[in-house]
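Letters A, B and C mark the chains as written, and numbering starts fresh at 1 in each.
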């Protein structure tokens, strides 16, 4: 079990670049970390779009970072679920996931 | 006692719509949740304004969600305290309330 | 040991005024509080600039508030480390610091 657990919350598309830089730097720190990213609101749209952001997500997922998308937000933003990459886990409600993970010891960060 | 406790922080008026949608979706999730909203800075002004936002707050308050306003912010934004609806609790300092609730097990969320 | 511990996160320069007001009001509350401020991303630049913001930081530091700057962010924003005031502590990675302090009982606040 990792000594430290970090939970990143994103609800604005414009924050993806900063968030991914934060996650990348955290992984480079050498500390043993378990990291999760939970997206809700408009930020879930970026999971469905090819490009640099998704390539960076994909590399982080391969290093063990988890990525979750809020189903309410996917529906509200008309995101085609079949367009999501395999590394994205769909959760029923993003906020509930954020509360459950914090209750399980994850430390919240909002870039 | 609810299994999960969520604490929503708001300090920008523009975020009320998103925050209330988050709270509404969380309540619909079917999980047993105790939810609190703490507003400071300019966000306390919206408690004093009639309209859709306040109607949504009122419905959530009737479902058990607590709403707190920072007294420092009410004074700094010249909000007439007599214009606040009954469901709003005034706390001496919003940040202190956020720290006390987290210390009591509430999980922080900043939409 | 303080009864309550508050941890303020800032990554946008525009939020310094609000954050410092939050910290000042928290100190005035009369509660026994241990307070830490961790800055990353562009927000570290303000540590290197003379002016009202830095004077307010300096007064808070004299009252026991800690201020930390992310080394990754200092480098990424080309901040000359010799221009930082003595009260600023440099940490290897801001996000790691935020996770460690939360693990040590600090309550996260993002103004």
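A few points about this structure:
Definition applied: a residue touches a chain if its C-beta (ideal position, glycine included) is under 8 Å from a C-beta of that chain, and two chains touch if they have at least 3 such contacts.
Chains and their UniProt names: A, B, C = DsrE family protein.
If you're wondering where the values come from, they're calculated on a predicted model, not measured in any experiment.
Under half of the residue numbers at the chain A-chain C interface are used by both copies of the sequence. Chains compared, chain B against chain C: the Cα-based superposition rotates one onto the other by 120 degrees, nearest 5.
For the pair chain A and chain C, the distance between mean C-alpha positions equals 25 Å.
Multi-chain contact residues, meaning those touching two or more other chains, occur in chain A at positions 108, 110.
Put simply, chain B touches chain A in their complex at residues 4-6, 18, 21-23, 25-26, 28-29, 31, 33, 107-111. Touching chain B in their complex are the following residues of chain A: 9, 11, 40-41, 70, 72, 92-96, 98-100, 102-103, 108, 110.
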